[in-house]
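Note that the chains are named A, B, C, D, E and F in the order they appear, and that numbering of residues resets to 1 at the start of each chain.
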Amino acid sequence: MPDLNILLPTPVLFFALGMLAGALRSDLAVPDSLAKGLSLYLMMAIGLKGGAALAIAGAGGTMLPTLAAGILLSLLLPLPAYLALRGPVGLDRTTAGAVAAHYGSVSVVTFAAAQGVLSARGVSAEPFMPAVLAAMETPAIVTGLLLARGAGGAVFSSRLLREVFLNGSVVLLLGSFLIGWIGGAAAAQQLAPFTTQLWQGALCFFLLEMGLMASRQLRAAGRGLPPALIAFGVLMPLFGAACGLGCGLLIGLSPGGVALLTVLSASASYIAVPAAMRMALPEADAGIYVTLSVAVTFPFNILAGIPLYLWLAGA
Amino acid sequence: MPDLNILLPTPVLFFALGMLAGALRSDLAVPDSLAKGLSLYLMMAIGLKGGAALAIAGAGGTMLPTLAAGILLSLLLPLPAYLALRGPVGLDRTTAGAVAAHYGSVSVVTFAAAQGVLSARGVSAEPFMPAVLAAMETPAIVTGLLLARGAGGAVFSSRLLREVFLNGSVVLLLGSFLIGWIGGAAAAQQLAPFTTQLWQGALCFFLLEMGLMASRQLRAAGRGLPPALIAFGVLMPLFGAACGLGCGLLIGLSPGGVALLTVLSASASYIAVPAAMRMALPEADAGIYVTLSVAVTFPFNILAGIPLYLWLAGA
Amino acid sequence: MPDLNILLPTPVLFFALGMLAGALRSDLAVPDSLAKGLSLYLMMAIGLKGGAALAIAGAGGTMLPTLAAGILLSLLLPLPAYLALRGPVGLDRTTAGAVAAHYGSVSVVTFAAAQGVLSARGVSAEPFMPAVLAAMETPAIVTGLLLARGAGGAVFSSRLLREVFLNGSVVLLLGSFLIGWIGGAAAAQQLAPFTTQLWQGALCFFLLEMGLMASRQLRAAGRGLPPALIAFGVLMPLFGAACGLGCGLLIGLSPGGVALLTVLSASASYIAVPAAMRMALPEADAGIYVTLSVAVTFPFNILAGIPLYLWLAGA
Amino acid sequence: MMDTTRRKRIEIVVEAVRAEQVTELLDRLGAKGWTMLPVLSGRGRRGLRRSGDLSGVQDNVLILCIAGEAVVEAVLGAREELLGARPAIVSITDCDVLRGEHF
Amino acid sequence: MMDTTRRKRIEIVVEAVRAEQVTELLDRLGAKGWTMLPVLSGRGRRGLRRSGDLSGVQDNVLILCIAGEAVVEAVLGAREELLGARPAIVSITDCDVLRGEHF
Amino acid sequence: MMDTTRRKRIEIVVEAVRAEQVTELLDRLGAKGWTMLPVLSGRGRRGLRRSGDLSGVQDNVLILCIAGEAVVEAVLGAREELLGARPAIVSITDCDVLRGEHF
């Protein structure tokens, strides 16, 4: 049944299984340290594969424009998000700034899931996309903080700067990308069983846990999530996707590349940005941004967004 | 030395190594979260492989009878177990019911070890056997509770029903089976490095931990395990095996299928049933059922039972 | 870029990445249980591969001399180490004995990293080297204790003997070696995806964590590490390497074998020996031996030592 | 001590499988909060319990609840529901807290 | 009790992301030591917090610091820095310690 | 308080490698039980100890033992065996327990 397999990719089905098990309150649980390990694995593998591909294929003329577009998208997408959160949704200034930062930044697993679908369909993308992923992680944090606090005063403590620029995800993604690039074809081949062959299985395992986590967050939030916020969590990714799609087409990326840039713009951070916001904006309500990102936008992107974005990108 | 390899399969040797290290009080230890992760991996892989095999090969006429036989075995095997535990062994009613439930249910790793031996010998089995494994997990819990409490009164609280029917092992096994079936041949091929190639290594690792755990349980039990109970832990699997063998031959399964049904009937649960019993029968002595299942019956099945059952089944 | 890849092997680059991230105080972290699991994996894989290779290729005449040399090196290298630590470095007797024991013993990951480089270069080594690794783990503990306490009195409690001879690393290495030998070619082939294909990726992951750990130790030690001690942590491995190199050449090992014996002699234990010393010599300063072994000698060997030793050995 | 309020620390060691029942009970009896800590192992009348087996039935947790007299009395009153015949221990200690209005 | 010294146990439940700030504060205020324990989950004014999400922002820890009156007074004086508007609780209990000179 | 009994909480922070020796000592001195909790990190006279290194030598645990006066006196009497020159701290607090006959 190859068609069913493309409509319903195995990793996505594991995400659905996790959400279902969580919703039914099954005691299925993935140990926390394993989930953290799998997320590190995904970043290493994404970085290594991208770096090696870049070393083999070369950058081409679209790399710099795409990096620039990614950084701009990350810096600017929090602005409309903030306006929507202050106006229609009605959040306080600090929480609105914190939430907005999440939507400029990106989700590694959403990217990974999209890559998985592309590779199952045999569609290739520009090799530098993992670098774009890394580049988009943190600029949004700057915008979010400026929105929350205004430009006056010391926006960035040294502790915060470290949190932002030396965030574990960024360091591992960029580091692995560089290592993959240094290693080139020879290292790529040696590491293929780890980075490529294990990939689908690890993704399934991790998405199972993400489904369980999304359910858990939803339950913990309880009645605490007003409909306007849920609407934001679904509409904002669509808005981001439109911007990412536009940029990708303007730059002239391949369909796979356009798809990935669209997915990145649509996705919201759930590791790097929450950690930075907790440190920088303690008054912001962590319950709101964690729940919105993990339990609304992430499932939406995995279940409905990715197929849509790939279709729009013609990938 | 192919012959030695078949007589002493590598995963079984790692189990023996674990038991030995534990008995000698080595400080060798596998982190708990890793053991849990490996057990989740085994269930995912068993389910995915079985589901895909079913999608490829079709059910054939023996699937429904085998599922029915499995459910009946799970429901009925606790009865003789209970009689033996009340009579010759002399346990109290509640603990006897709790222990009996373990022996109607099944052990995923015993099944996995048997599958490993079969595949090392190149013997195939019906693809739906993982579904039989999942189907046999929980019916025994019902019988065990009825035996322990009698039919009067509310036997099943809603919390307990959830524990029984949405037990993590059952959800993951059945979910993965379904996902493997949906994915079919294409998904099976993509996931083969994860489900098939890693399999033997993961099994070795997990059986090492099971050996350590069995030793640990034995030591914690100390003098608490009377000889009659140990005898039960060895004889009951043989009785279960005989029943499973009979059913498999009656249904007309392949030698591999007969072997697996025999192994399932002989095995005792050490994840799903203890958790359910702890919740439903707090007065029952958890030390007895955990020790008996993990430290007596499991090692017996791994070291002596599987070779015997496979030989009896002609596999 | 095959040349760059050989100069800067991927696992070594991950070690450097980990050290850098730690030095910059990034929040990148590998869960402890995962690090422990990876270290168990490395020992299993080293043992299994070595045992199978031995079964296939046979021992040849150099196995027993190499084992004997390894045991002697482990027993004797603590003597010059102790003299240096008492004299120029000026440690107290107990701590000097404890530190000395670390340098007679060996580091599994340093061995693994060297194996990785050799196999990337296509250089083979004697199959029994993992047995030499296991044999060298514990003799040094005896010498270290005798140096710290003198021969009078009860040097070895039964608890300590267990710690020394049934240390988890030794049991797992030797057990896996034996199991690999029993399984022979058939098992080796079945387990190849686990032991061989995953190897490079797991090594990268683990060395990333080792880099983070080395940085963490360095920071925790703060100003507590006098220059004389740091000099010892760099010069002692060079001295050990010279002894190992000499023995390897005298015995007439292949270049790969000479390289591995050199690496073993140069490396210092960071799992088995610290644990034994903590138990046997509670007065010794654990901060010193853990920091010296993990944060000075290990990085030196990984970054500078291995290339040097391999070059000296002509491998 | 300045600015502190006298309250009670209730500390309960209980099986992990029953932990949720205990926290639900505390919620029901009016406790304003609680904190749950992992336990590695323990010994009591039922012998040794070591956390980490696959079924989780040997796992214990420690639940800490800081509360005022009223909640403490309610908890003591619910001792049957809390303890039953189950393995569990309960200890109560005096303490002083900051932000007393939160407990 | 023979050979023991009266001291105070300060026990703080605080977000893991802020734990280092708290221990640095304790160091600064003259505490001779502290011990940090993991927390599985907790409930308070801000609702349920369950440890283990990937970002770590829901993780709590428990910090135990045994100290003399002077340090306790200093900690109480620094309550704003310690608590601010952040989720955290602080309780103080009398205790007797061995080797009192170390605290 | 109704139905409670006065006992003592002994809380010991000690190296994980020595934990078994401590619980064996408690068993020997007549304690009816104990509970062992994991520790993430700690600071004391010997500087920072962070759990989780591969050898485990930096790991600490916290051992809680609730007991009557007699056992407490015995533990204080065994202070040399308990502490020696090793990194460890011991604190003792009054508490009230349910089911006092079990301690």
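The definition used in the following text is that a residue touches a chain if its C-beta (ideal position, glycine included) is under 8 Å from a C-beta of that chain, and two chains touch if they have at least 3 such contacts.
Owing to the predicted nature of the structure, the values given are computational and were not obtained by experimental measurement.
> Figure out the least number of contact steps between chain A and chain F, where 1 means they touch directly.
The fewest steps needed to get from chain A to chain F is 2.
> So chain E and chain F: same face meeting same face, with over half the numbers shared, or different?
different
> For chain A and chain B, let me know how many angstrom lie between their CA-based centres, rounded off.
Here the centre of chain B sits 39 Å away from the centre of chain A.
> Just how far, in Å, is the C-alpha centre of chain E from the one of chain B?
46
> Round to the nearest whole Å and give the separation of the Cα centres of chain D and chain F.
19
> Mind pulling the residue numbers of chain E that touch at least two other chains?
Only 37-38, 93-94 qualify.
> Counting only residues that touch at least two other chains, what does the list for chain C look like?
Only 31-34, 36, 193, 197-198, 275 qualify.
> Which chains touch which?
According to the stated criterion, the contacting chain pairs are A-B, A-C, A-E, B-C, B-D, C-F, D-E, D-F, E-F.
> Across the complex, what residues on chain A touch chain B?
Residue positions touching the partner: 1-2, 4-5, 8, 10, 13-14, 17, 20-21, 24-34, 120, 193, 197-198, 200-202, 204-205, 208.
> Spell out the part of chain A that touches chain C in their complex, as residue ranges.
By the definition above, chain A touches chain C via 31-34, 36-37, 40-41, 44, 48, 55, 162-163, 166-168, 171-172, 175-176, 179, 182-187, 190-191, 193-195, 197-198, 275.
> Tell me, which parts of chain C touch chain F in their complex?
Interface residues on chain C, with respect to chain F: 32, 35-36, 39, 213, 216-217, 220, 222, 224, 270-275, 277-279, 282-283, 286-287, 290, 294.
> Under the touch definition given earlier, write down the residues of chain E that touch chain F in their complex.
1-4, 7, 9, 23, 27, 32-38, 61, 64, 66, 93-99, 102-103
> So in the complex, which bits of chain E are touching chain D?
Against chain D, chain E makes touches at 13, 37-45, 60, 62, 72-73, 76, 79, 82-83, 89-94.
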